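Dropping the structures in below, format is structure tokens.
Below, chain A partners chain B and then partners chain C, in two separate complexes.
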Partner chain A sequence: MANTNCLRCLARPAFPSPNILNATTRAGMGIQRRAASKLAKPSNTQGRKNEKVKGQKTLRIKKKAPVKTGKPPAPGERKAMRKRIVLSNTNALEVEGLRELDSKMLGEWEESVVRELQAGEDDLVMQGALGLLEGEGGEAKGEAKVVGKVVALMGSTVDSLRAVEAFKTTQGWGLFRRPGLLIREESVALSKKLILSEEGGVLRLVIDGERGTGKSLLLLHAMATAFVRGWVVVNIPEAQEVTNAMNDYAPLPGTTPTLYSQPSYTATWLSQINKANLALLSEMELTLTHNLPIPLQSNISLSRLCELGARDPDVAWPVFQAFWAELMAEGRPPVLLSLDGLSNVMRESAYRAPDVSLVHAHDLAIVNHFVGYLSGEKELVNGGAVLAATNRSHAPRSKSLDLMLTQLLEAQVGEEEITEKDPFEKGYDSRVEWALGVKEAEASVEADVEGVETASSPSSVKEVKKEENVEAAVEKVQTVPGPVEVLKLKGLSKVEARGLMEYWAKSGVLRKTVNEQEVAEKWALAGKGVVAEIERGALRMRI
Partner chain B sequence: MAASLQSFRFAVRSYNCRYLVPQYAAKSIGRGRELSTTPRKWKEASVDEIEAGLAKIAATSRLAAEYLRVSKETDEELMTSDESSQQDEEELRQKYAARQQPYVLPLRRKRLKDTFMNMGDPEPWEEEGMLDDDHDDMPSLAHGELEQHREMRHYARLAAWEMPLLSQLAKPFQPPTADMPLRFRYTTYMGEQHPAEKKVVLEFTPADIPDLTDVQRDKLRKLSGVRWNPEEDIVKMSCEMFETQAQNKRYLGDLVDKLLAEAKDPTDTFEDVPFDTRHHRFKPKLSFPEEWNMTEQRRIELARYRQAIADKDRHLELAEQLIDGIKQIDEGLAKQEPIRESLPDMLLAARRPGAKGKRVGVRR
Partner chain C sequence: MVFILGNNFLENRLLKHCLETFYGIGTKHSTRILAKFSIFPGARVGQLPTKTINDITAELSTMTIETDLRRKMRDNIQRLRDMGSYRGRRHAMGLPVRGQRTRSQILTARKLNRTDRAN
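This part shows the complex of A and B:
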């Protein structure tokens, strides 16, 4: 741009271009500087709005940029608005006579459980659902009164559940004055099983069912029971957040096969655990020594330990491991490990390993931890439960998971013909089958090794081995954990549906007379009582 | 009968293939009319000839004698009648003829042949060389109709007299025995040449093959692959690779031998190979569940149940435990009102006497 002369013919432009105002041009202009300056800087007074080029008919309207009024939302505000949970609505009526899910109610159920055990029924097995404990006389009536009724949650329980993200935005909590929970037969049975597993005998359960049958709410009920009974609750509210590669991850050194930790997720998780179980954790102090990257005082509470992990993502995973070791020490309360969205966890995650292969979900440290307890490989020393709920809307298909759940259900019911694996199907995952199936090989191998070692003389080897084998067989029965239990939720019974609809009517959200006809109509339209469909028919889709 | 005749006739008539041997070509049944160039007029017999013939047989035939007698009498009558009346008749006849002209066809314009071969032809008229129409015959289409009629009668004759004789050739059906497990299907196109007439289709079921153990039978099924229908347990295969049916059948037979030899081979029993039925779609056999049948017992049960729920509702209504959503809302709102009523008093109580406070509107 320095020289506008044509280099070939050395012709010079007649007038210098308006953009160049170097010394030569300025000197050349001289007297006609003003005119030239006008040429040099075309005035913008008229604006380019309606500039008419000779010979053309044009209308050029410059588009004005939209004026931004108001303050834009702060980062994270929109997400918070989207994920906010409203648990109370003052426009709804207050329901009188609502019982609370408190220690008194759970105490009643505990008594009935104890009575059952004394009566000699050790096994709680029923078709499909968990053991429906039918007591004799008094206690059955007491339970029967509560089944089909809605109970309110205590304030402290609500706070803990909110901290643990047990409430979901799709559930209609914002319609009522107080958060309430319908007591179903399955929820009573589940609470009783949880109470039983306080003394060891860990409950490992998968809650399955069609879309809208109340799996997440049953999990919430279990968590509420655990909070009331004084357990420590560790919950993974949405498994897809762990596996969909939206959180940072890093390989853990010294692990073969490589495990990947998720620092920021673990940090938020620790803060949730702390907030939910604050009352319990603040009273427990460190009893073991840990080797952590951060300096630790030896007499801090577990709550403080969680806080330390929550504020620094880099040390979050080692802090969690230390926290967990503390919980598994002696004298600690039982632990409830729960997870919502099992199908996300029973397949490959969206993370990539350095060789661009997909990282299996079981190779993520958090999931590995959970699956270790769900499969029975590790045991909750102080008792407790490991619960997992599947989700059927917006869930990836896991063929192995579907197959395992079908097989486990059939085995539970006692059917002879168990669905076999399709020999021509490619999408099976052996790790999933291991996680949910029966583990046999390891225990028997251990027993054999023991047998060989204790044999002294060669002549008595065979005899000793036989004895050892018998003992090993006995051991095998005791040490090998059984398969995971499956609870398949179906629709509500008419009694339960009626109780729920009466609660809605009392809250003022259902403007109908709740008689048998109305209940039967809504129940039938909901595909034999699927809860979400009853809610949709009665509350949401109102003409 | 007519329909079967038609189809029979059609089947026979459709032998119009180029490659047909002349001896099998269809022969016209009726006497075909030849095109003649010389006009042949129908010669009318004269009255005298007729009377001469009749006189010959008058001796035997009563009718002929009667006719001759009557004709003689009329002739005599005519002879004795007036000549004037004859003349009147002649005039009448001429007048009648004059009034009604004999119908003469209008002259036809000579038409040109519309082919390009006209070029160089001095008089390329279309109807050149054709005979004048003497109106002494039916048009050719009419001849065709008669021909068709003759044909139909021919086939009717066959159907009535010769087809029943086929029952003498009937053989009783012998169902296949246990030593005939293979079933072959051949196709004929009734003399017509068709590319699929040499195809042979074989069907058999592995269960019927003798001297096979269960393991070998299963191996046979697995070896058949997609030719095996798992629902019916039938292996079906076809061959049209060769030029004759015999060759194709031989090939299929050899194939079966090879399959059986492989099935009996003990080196690999195929026991670890699962059955592959992906090529077959099993039809779901649905049947109405027996539990759903309406019986008297069920009817009684339902009636009792409906009575029970109606009673339950009535009891609850009497005990005022039946919950009505709208009533609940009204009651609930009524309960809330008094709480709001009490608020202004509280506010008023807070005001100090003498102080000019702001007037606050209470939200009702």
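This part shows the complex of A and C:
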């Protein structure tokens, strides 16, 4: 260790030179040389800068308390804001010459359905959704003018759709003057199938497709069609709300396996159903006798029945059952039963049974009711449809559901080899397989093929041609009750994309010339016309 | 205010959280109790009918919780101490019981390990 003092005079320097300090703190070889180099240039390490020295003043900035402006939102206000649906934008231009989705338009489609039947195209009905679409290709007639156009929704339909929560916050309703729907080939096909199913044959359809391909909107289109045609619409707007254990539940006595009712959800649901179908339900009176825990007058309307159920959650489920029994009575209108977010109900729910095991979603009374009709276990007596849409952006994956959908689709197209279960995969759900009934599907696909043969045989065509009565003609070619059909949605065609973009341009939301190049660009960038991506590219990410 | 097993709870509190305030009830037991009475996890105490609250109180009174559980634990430690076992001694000395090193951090042991342990 080198000494800091001068070795000759033994006197200590008053202020130890930093250079000397530097030199002396270095031990080992070559001290002198390094010291010399340090002496040569002035050192810039004048002690640590951040070192705290006692008594030194430091800058202290006090954090300001956040200024309170106004009062904080009341409980529930934020959620209301989050869930708010804006259906109109006064800044958007009104599009002239916009047709409405009304009974006239649906009447045209009905006529074309009849025409197709009479022309012997009845096999299209048998082949399921895809068959219908393929057949649609070159020979679309009356509806060809409408496909690729945007139609407006009628005021009453909008009110009803709002009541059944068919509009979602993620959809761009708030950009336009009034709510409108793009008519695509699939939606025409679906509408036609709905019209066909009015006569007693039930349409059971799962709408599937990639994220943003318009599954929920097709469901909305179906609901709008149903409202215009005078159906009763019973919609479960968000399947996850039924299964994610955010509502109270109670075991239903006398059910094996135990079913669980959800009193408050059912009550809200009943009030929604009532509000959406008010015009219809208020004219229908009770026809059956019910054994309910509340006293019931015999001559009240179904609307009143729903109100009674909505008022008291404890009796909501029995009231719903009574309401449903009334709907299934003779002479009632067709019913559309629909659900969005199918995979949520095709797995275990978040509710727990008394033995702490998870309750399967199919054991929740509401879901059980829906799945019973989707699987074909129960029949909609007065005709109608059971529709379900999958969700691909915010939904749990259900392996069995995915498998079933693939299998059904393959069976529908008529592929020889059908995808089988992965033997090394865990997590399949036998109840889902039962519900979507792939075995039943295979059997009835065969039946379908037979049906097609018989239908295309000359005798039946003659029969159809003989029938001048429209309804009778429709009745002749009912779909064979069997599989759940699957409609796999893909991107829009370029014609549809163009129609949509022209509507945007007319609304003043898209400020560009819509020409072929522009459409092709947006269509390609949106993964071959995935409609949500076109919207994102054209309207939302505009810079 | 809702009265569960001698304690008062504000009506807008979650039942699950209220149950977990009792010594000896954690996530597992509270989930079990909720499942037993078919109550959903988001239920507030004020929403429940009196009958359910009484049932829950009855259920809680059959469980070894609060003072009973504390006494049980103290008895266990006392037993170790009375045997003269190493664990008993370590408890009495306020030192780690399970072979941890004592060179630096034994704050928890100092706080908790004693023959008349409170919680």
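Please note the rule applied: the second predicted complex is superposed on the first by the 411 of 543 C-alpha atoms of A that agree within 3 Å, B and C clash if a C-alpha of one lies under 4 Å from a C-alpha of the other, contacts with A are read in each partner's own complex, and residues count from 1 in each chain.
As a convention for this text, a contact is a pair of C-beta atoms (placed from the backbone, for glycine too) under 8 Å apart; a residue touches a chain by one contact, two chains touch by 3 or more.
As the structure is a computational prediction, the values presented were derived from the model and not from experiment.
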Fit or clash between chain C and chain B when superposed on chain A:
fit
Looking at the overlay, what does A:415 touch: chain B (first), chain C (second), both, or neither?
neither
Tell me which partner A:77 touches in the superposition: chain B (first), chain C (second), both or neither.
neither
With both complexes superposed on chain A, which partner does A:249 reach: first (chain B), second (chain C), both or neither?
second
Does the superposition put A:423 against chain B (first), chain C (second), both, or neither?
first
In the superposed arrangement, does A:511 touch chain B (first), chain C (second), both or neither?
first
Is A:352 contacted by the first partner chain B, the second partner chain C, both or neither?
second
Of chain C and chain B, partner touching more chain A residues
B
For A:93, is the partner it touches chain B (first), chain C (second), both, or none of the two (neither)?
first
Classify the contacts of A:521 with the two partner chains as first (chain B alone), second (chain C alone), both, or neither.
neither
Minimum C-alpha distance between chain B and chain C after superposition, to be given in whole Å.
37
Would you mind listing the overlap between the chain B footprint and the chain C footprint on chain A?
none
Could you please specify the touching residues of chain B with respect to chain A in the complex?
274, 276, 278, 309-310, 312-313, 316, 322-326, 328-329, 332
Flag every residue of chain A that touches chain B in the complex, lowest number first.
93-94, 423-424, 502, 504-506, 508-517, 520
Which residues of chain C touch chain A in the complex?
31-32, 34-43, 47
Residues of chain A that touch chain C when the two form their complex
245-251, 260, 350-356
